[in-house]
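Note that subunit A is present in both complexes that follow, paired respectively with subunit B and with subunit C.
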Partner chain A sequence: MSQVTRFDTDHEDLIHDVSYNYYGKRLVTCSSDQRLKVWDFNETGNGVAKWEVNDSWKAHDCSILKVIWANPEFGQVIASCSFDRQVKIWEEQEIEPKNSQKRWAEKFRLVESRGAVQDIEFAPGNGSLRLKFTSSRIQATCAADGIVRIYEALEPTNLTQWPQMEEFEISSVNSYPPGQANSAAGNMTNNSVGGGGFGSQTQNALSGPQGLSGTGTGSAGGVQQIGGNSGRSGDVGGSYCLSWCPNRCPAPMMVVGLGKEGGARIFKHDGQNRWYPGEYLPGHEGEVHDVCWAPSMGRSYQLIATACKDRRVRIFKLIDTSTNSHTSQSMQSRTASAKNMSPTSSPGQASIGKQFKVEVLATFADHDAEVWRVEWNIEGTILSSSGDDGKVRLWKAGFDGNWRQMSEISAEPRNTNIDGSHATKLPGYAQPQTA
Partner chain B sequence: MFGKSKNFNSKFQFDLSQFTNNAGGVPELPQPNFGASLPAKVNGTNGRDTNPGNMNTNLNGTTFKFEPFQFKPPQSSFAAPAEPNTRAQQSTKASETFVAAALNPVSSQAIVFNAAKLPKEIVRTTCAESHQTSNTTITVHDWNRIYRGRLTFYESTAKVFASLHDVDTNLHNEKSKNLTNGNFKTYKNSSLHAYAAQYTSELLNYQKLLNNDVRKEADAERKTIRTFIAVWHLCEILFFSKQKQAPIAKELVEWLNVTDKSGLLKYDSQRIIHHPDPCNHPEFWDFVYKLLLRGQMQAATTLLTHAVKTIPAKSLSTLNKLITVLTSMPELYTNYSATAENRYNKQRSKWLKDVAQFKKTLEQNTDTDTAGLTAQTLSLLSLLEGDRKAILEHSSTRHEAIVAIALYSCPTNSRHELSEIVQLVDQQFPISSGDTALEACRAFMMGDIYEAIVTCASEDWWLVAHLTDLLEKADLLESRSNLGLMVDDDDVELREYFMLNYAQTLFSYSSLWESAIFYLSTCPTQGRAWMSQLILRIPTEDDNTVTRLLQTCERFRLQEQHNIICRIAAKNYVLSKDFAKAVKYYQMAQDVSSLGHISDQILDSYLDCVFGYSGKLVCAEDLTNIMNQSVSVGGSFDFLLLYAQFREQLGKSDYQQASRLLLDLFSVPSSRKDLWPILFVDALVLFQDHTLFSQEDTFHLLYYLDQLSVFSRGSSTYFECLRRYIRSSAGHFEADQDITNIMDTFYETVRLGLTQMLAQEFLV
Partner chain C sequence: MPANSRGPLQFATQTALNASRLSSDSTIGTNTTVTSQQDGNDNVTFYDSPTSPPYQAIKYQLPGALNALSSSPDGEYVVVAGREVLKVLHVTDQEATEYINLRTGSNLSLNYSSNDVKWGNNGTRNKIATAATNGAIIIWDLNKSGRKTDRVISEHSRAVNRVCFQPNNGYILLSASQDGNIKAWDLRDPKAAAKYSYEGKSESVRDVQFNPMHTHEFAAGFETGTIQKWDMRNPKLIYERKVSAHNGPCLTVDWHPDGRTLASGGRDRTIKVWDMNSDSRKPQYTIRTMASVSRIQWRPGYDNEIASCALLSDNGLHVWDVRRPNIAKYTFDEHSTTPTGFQWLSPDVVISCAKDRYFMRHEIVGAYKPIELLRKNGIGWNIHGDLVFSIDKSTGHQFVDEASTPGLTNQASRKSSRNRTTTGEELSLQYIPPQTCGIAHLPLFDYGTFSVFAQNYVINGENLKLACETNAKIAWSMQRFRAAQTWKIVQLLFADVEEERDSEQANGIDENYHNMSVTKALTANGNEVISESDSESSVSPVNEDEKDNEEASSSDSSESLESPIISQNQEIINDLFHYYTEQSDVQMCVTLYLIVQQYVHINADQLEDWFTSYIDLLRRFKLWTSATDIINACPIDNVRALNLNATTINITCNNCFKLVLGTAQGSWACDKCHKLLNPCSVCHQTVRGLYVWCQGCNHGGHLGHMRDWFSMKSQCPTGCGHTCTLDMSTQGSTE
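Coming up: the complex of A and B.
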């Protein structure tokens, strides 16, 4: 049984992003109208519930591209990124009345980006204690200038200080010496890719420009350079996207969409203060619009989903080979060192980072149109994908281990349907949807 | 010549009294209409999964169509066909947005909205116009919403599940070994049977509740629950019986009459009984056949007895003999033993001879007046003898036929011998694709448990989760690797797969999170990871929920989650300025860093809170209690605790105690020097009484004052707190005082107080 309710956000322009809070009881919407709106799900005693505006305010000087919630451990905190090149941290002020436009106070703004900030994500809550990274204090931003920046709030109770901790350049065109980009990409054999390139190009990858970006709002350069690209915000490198590895690891990792270069790559922390490119996610025949790293929930392997311009949704399976093949890893490290491939890689890098064998677990062409977004549920069992076909498709692995479409949703309820030819015959999915 | 009659003394035996008092009967439930022409099922990747390819189902009065998905251009999804220029506009619309979704982290809801692909600034540059549409509507889809009343059913069965798994744990301890008297297998069988029966009972209770709901929306749920009952009750009989070798026929009769009442309810029993000549009622004999096919011997006998009253004298003996045949049918044994089986076979053999004799007599009857009755009686006797052809001829459903053949043709067959009957019935009653109940029941009867589970999986997580749970306990579930389904070495087994998904469903409903966590706790591979993740998603809205969450964490040894929940609760209390509780939870989380920060925050708040905040810091008693519960965490918290106690003693005018605390406040390692001016100001009242301090103490105090003057030389930082303190004490309307004035006044006053006290000490 499917139930549909709807409400109008009353944004004055198109919405760019909607985000649920940690408990699924609050929403925040952002729009090209430069406003953020927070919504509370209010339940009355008689079973009636509805989304009500908590506050609405002008948050940026350009379109707001993405908005996210922090872990509740840090209070009611949201972060927004905009075409105005800034990221802002907002905290709810309970003493201020609702709908006063003052309910959410700007605590800090991150201004280092030289282009539109296209993606932001708080680090997962189970960051390595050894690195003294704790939870949502850390945030990564992905900007149109092709640089991922990592910020950390110095004190969890004080959100007014967010120094930039690290940054790295996404593009391998600039960061890899000739002939080595392929090495970092690994050697694809059928659907399998080895973890080659581990630890390479640390120096170049970290040699991105430092310092503050220009103070002007908007990004004329980005606009001019976009050409026919239809990325989320557009710039010379296309649209970039990132997703932290949400699972407990010896060192933080994230997957980053490589913009116009195509494909996606895993980037890993070396245990000190540097990030280096890891495995390449192969097979994409166009720009990756979105990436999402699934919670592993006790599985020994990792799953990453990508949404690509080539009309495909892909699920990659990453099998950790570093624990089982410690010897081979050491061998690879020695070989790399002998070839002087990673002159600046830290000594602890090989022992801290994971090495993965990458497999393409599933490729779905059902959208038959450009795919824009992918998102995992918190258990990493259901994947949603959004495409240009006007459908949101939900994917799930059956007990036979095969991934299938379990449902599709249209924005217009009357078009909500079940894909009878592909839907996994699983509970709740073979149900008619009362649109 | 016939033996004594013994009818089934079953709670499920059809009671004829409902024929005469139909008002209280169970309302007839509409049978699901799956349509006459369902296409062949579409096989899944593994060849086992089944999908209805094109199914029309009438539920809630609405026809839903399951059709193979065909891609439709996005334009058609948004609007009806329109004028060409409108189409062009729509094309633009489609290109600037896409339909995006955000998944609710807790429930099965998804927010769906039209998301802009490009920011307005770029659209303006490239298209010379800003976003042409402003569809800012959000739709909230729930793809797995269940009938609301189902939650009570989930709650009640969760209790059975918890009980089952508690017992399971106890089975291995000393107490249970005594309980089982060493015969663990028998105990386990008996235990599993009891739990399976409890689940059946819960299902039936829920069905009764559902039957009270006359709304259309309950129809789909009634159908689902009928399927649950049909499958579950059958499994109870087939796999969880205490006496696996005992004949299954009697239990199948019960099963049929519980799960499918419609076969009998379609007859107007009152009208038949009260007919002037029941035998000539057009439905009389059909009804008798139906009762016999469903093993309702007593009801059939009663009906025939009613007919005897009005039947012509010529036919009386035939009917009476028929009644005698029915009442003398040997009673099937329930507890299997070779003796019981032999005894039954002998009785049955004798009874069959009597029936054969009776048939022979009837066949010789040439009276045309009673020819009709004779033919019906002969046909009935053939059925009672177990003539499969006769049974199939009169059965209207496959389950009726299976049960009647088991009852009359091979009554001593055990549950393992059903497959032959099923195959026989298959020819006459093929199963339409998409009928979960029929497909699953057939597979279970054939002994193909996996196939049956695959079929049940299309219905609901409850059914497969609980079924596989019991089947695994009964060692009847194949491992995934044996089934060829093992994708990875650490993949979860079937039971766990279904259990995780069922727990996920439970978790969607806030009232059931504790049950969800318990279900997860029984999942050996991934359960713990799921528990760790999901328990953090329960909103820490109130103290009661936090307490329950923390108890659950302790129960399942989720220490990390325990600490995180404490920190979240603490943060909530910080935001609501309930500092005592915030400190309590940070203390429970053993979060020394946050405790230090919050202590500083409390002290800072204190400076601003005198006016309009009653001047109360946090209750020193609360802090002491918190501190007594665990070891001191040190840092600012120790200072805060001392200061709170100091303020409290001052409030009580216990100056002796306050003076001791004052000295501690200066000397404690975490002492905040920026608060020293406030300590001195608070302590001025103590300096009036020279008996409170020794000379040594006073010299110490003068030393601290001297230290302060050294620290604050050239810097007013150390007096900012005092200024805030004075400002908030004096009220918001007091103009800010100059910091130099404050410092001068402070030193003058404190020095004077200390000097006076020292002088008095010298004098004494």
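Coming up: the complex of A and C.
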């Protein structure tokens, strides 16, 4: 049965992020009250289970913007990022009692950022514990605005060493390796953009290499402008966001919201130590507040969702155009096993990475307020979004392939029970036949 | 735009030079006759219209780092002071220009290296007091011709940290010094020594300030973290009230205009608000900032708002609402170093200076609001289809809901809250935004069925017919009729051709999932029903679990199965895979592939995606055994490698704790102490299988022996006397 359980966090200010662990049995919440709270789903017997505070502690000196769990193969580890320009790595100490404020020990702090750290995410995949985060330089006199830094715990059993591995600037587009700029741009010219409303604008932005470099200089100008400290308006630095590609691919990729520059762009690793900008996700008419790359679960295409200041949720479909030839080859070759791995995992291929055709699958204006978060479910089949309208909306592809709203969850409690929980029937959600 | 941004600045410097050249005593005289305290708001209104361009702070660069500033009583002139600078600027809402340079000549005396500067009032409205690092206090008279130095007081033995004129009587000056003394001076008597001296019986004094309402009172902040309230008429009384305010030095104090509330800031990164009339040892409010607080000032006209700047590391000038102690309401961030001094000129105008050599005049419309950079909601999914969310249900964009949180203005509420307990008081005073947190349980993922399938599906395709039949039965019993039908179809498709497979696979395989030729081909055979089932799986129809005619159609198709049709089987299989991929049912994809892998060819990339996704799901559900089975059955090296990592476990001798080497060669004795490794306490043989031991006494042995022993006894079989009864839960799980 679909129902909503109230979850009272007792935070003393806005909660900015909530996050389940890998198994979905623990939660961590972070808030502007500078505290992190970890919750355990404890079986209390009689088949009843409830969420109990594991610990709550003052973790940062400013609003905590995001908190994430590491894969449990590295232990019970969380990372948090804050307006205070730091990222901290925490590990649970089994010997400390619960609710002692000492249960989670600070293992390391990453202090390289000179602006608020707005987003962090552990890299997907097994074996390596990589963390990356974006930061924006709030201080306006710095041209290095919006840097993605990537850290890695080289020895996963030692969480006190996090050397910075790589970093790149979000807004500098001049870091194209020669030749790839053309191929990427050429690829983007082929974009067939769905949702007619964006057609003309997108064509302008993406018309060939000039269009692309145009975006590049535009952004550089923007940075300079900030550097000169003249055009500072409203929210400085803008909000940056990122999401790793959670799916297996020859070289790591991520999608990054471009902050004040508007829109979002895919960045790809070149196989050595450089990141270069790839496809641009078109159509945004404002800052992108959040991006989320969907798990593909073996589907032939990739989905990326964005939450934008222009009050819209967008879903982009990325169709791999680079490996089609290889795909057909491998389909024709007889063995389905390891021999076929060579075309996609060869170094040459990895350095180029995947090329995508970007389509706008859906644009939703239902929130009619700034949208702040988008998040895919584990299978990448349902998108949830939340915005200033105080509602969480769920989106799902129908059987005709069109995405539409599945249900919405609003903040108003309808019938609150004495124990604080209330059941809300989700409208528009068809109950499946239960087993 | 960059050119534009430099433009006004250069212009300003230019005019500043002109102004300083043209300045004369006569202009000072006319200006200083204006004594109105408030500048008024008319210079702000222009920027209030929403269509106006974004406000930019007025900037003026000075030749050296700045330590402090103070505005003239009329707000038109500002004196800025630093180690090498002492200048009076003329500040309008358009520009800042140099008016007078008090550091003319090459006088490098330490007397002029200013820590603090204050502009006098009323009788001393033409005078400026500066506090020097060498302990000197210098009074400057702007009306004096030539050298403006009026008087040098050097009575303090160490640096003077702060000076303060008495409000409404500018002849009285207080000075706070590093030597631990506060001294009061009457400037009407040009020769006299300090009129009073107040010894705080404490460490160095960091700040001192007169109470704006009861001007005989003043408050001081000390390096020990205490704040003290004095009555200046009673220098012999130690102090009227003392509060241990901060952990570490208190760096700044500021009286609220109500004359009762005092705010203090310290190196412990907090701003605390005290009711100086009450005896409470707890602050009314505590604001936690991200850096040590070096200066604070209440915002005029806004009873609950206070501005602060940091001592280090934070370049922002923040305006806080005391009821929202975690998020600044406004932030000015134009300075490139930490601001060292600031002052409100009006409720909407603040001037500031910093070590970056800039003087700036900010307006509140030019500040940014940190709250607008913050997400007001969060969402997260877990594997069970639960969605946790926190959403803001506040309507509108009020920073603080005035109705629910009255703040300092509402005296009635202050009185009522005083009756409550101290903790209750703090709670009622803080604004907590109305945010709802909840967990939506969406039955989108049937965990039960998934795990039953994961544990029971046959994944070995050697006996394809039997495997399909078993899987179909399992699916049917879980009421997954569609899955059951799929297994039946697969069974029928492949059962008959099992033995012919080798010759058939040489045929080319069409990779096109959407190729409908199979439908046409089969309809040409006169089989009409198959087209329906085929289109069903390729178009991904409504997710109803039952399709009655499916079995019938597939049984029909089996009749027409002949060896050349195996390529068409391939297409049906491809359609099946395509359908289940679109459904994100990697479980079905993987299991199906493992069963029919001899007959079908799937792109290796796709295979790896299926397997990794499925293994990840199994692990999330903690179905380790199933995950291992899948990994072992997988034909892809990358996936198999998952089970080949870190498979060696080093063991140590349980006597001497030396690392045991050579167990692979069958050595079961320790190299060092030559004792048998892991002997069973019951049979005294080395345990080569499961070894269980007591965590208390470290004795153990064969699982079976231990179980037998402890079914009768509760003490250790070695006779060590330890009572190591087996835990019932582990007993259950080992079976």
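Annotations for the structure displayed:
As a working rule, the second predicted complex is superposed on the first by the 301 of 435 C-alpha atoms of A that agree within 3 Å, B and C clash if a C-alpha of one lies under 4 Å from a C-alpha of the other, contacts with A are read in each partner's own complex, and residues count from 1 in each chain.
As a convention for this text, a contact is a pair of C-beta atoms (placed from the backbone, for glycine too) under 8 Å apart; a residue touches a chain by one contact, two chains touch by 3 or more.
All values derive from a computational prediction rather than experimental measurement.
When the two structures are aligned on the shared chain, A:V256 is found in touch with neither subunit B nor subunit C.
In the superposition on chain A, A:V38 contacts neither subunit B nor subunit C.
In the superposition on chain A, A:A79 contacts neither subunit B nor subunit C. Using the contact criterion defined above for the overlaid structures, shared-chain residue A:F7 touches subunit B and also reaches subunit C. When the shared chain is aligned, no partner comes close enough to touch A:I170: not subunit B, not subunit C. In the superposed model, A:A369 makes contact with subunit B only, not with subunit C.
In the superposition on chain A, contact is made by A:R404 with subunit B only, not with subunit C. Look at A:E94: by the touch rule set out above, it reaches subunit B but stays clear of subunit C. Shared-chain residue A:V392: touches subunit B and subunit C both.
Shared contact residues on subunit A (touching subunit B in one structure, subunit C in the other): 1-9, 11-20, 22-25, 27, 29, 32-33, 51, 62-63, 65, 83, 116, 224, 230-234, 295-300, 372-373, 375-379, 381-382, 384, 386-388, 390-392, 394, 399, 409-413, 426, 429, 431-434. The touching residues of subunit B, counted against subunit A in their complex, run 42, 44-46, 48-55, 57, 59-60, 62, 64, 66-69, 71-74, 77-78, 94-122, 125-126, 130-131, 133-147, 220, 454, 457-461, 464, 480, 485-491, 494, 497-498, 500-501, 504-505, 525-530, 533-534, 536-540, 564, 567-568, 571-572, 574-576, 593-594, 597-598, 601.
Touching subunit A in their complex are the following residues of subunit C: 1-2, 4-6, 54, 56, 269, 288-291, 315-316, 324, 326-327, 333-334, 336, 368-370, 372-394, 430, 432-433, 435-446, 448-449, 478-479, 505, 508-509, 511, 540-543, 545, 581-582, 584, 586, 589, 597, 600-610, 612-613, 617, 619-622, 635-638, 642, 645.
Listed in rising order, the residues of subunit A touching subunit C in the complex are 1-9, 11-20, 22-25, 27, 29, 32-34, 51, 61-63, 65, 83-84, 116, 126-127, 138-141, 221, 224-225, 227-237, 239, 247-248, 289-290, 295-300, 323, 327-328, 330-332, 334, 336-338, 340-341, 344, 372-373, 375-382, 384-388, 390-392, 394, 399, 409-413, 426, 429, 431-435. Within the complex formed with subunit B, the subunit A residues making contact are 1-20, 22-25, 27, 29, 31-33, 51, 62-63, 65, 72-76, 83, 92, 94, 116, 125, 155-158, 218-219, 222-224, 226, 230-234, 295-301, 366, 368-370, 372-373, 375-379, 381-382, 384, 386-392, 394, 398-402, 404, 407-413, 415-434.
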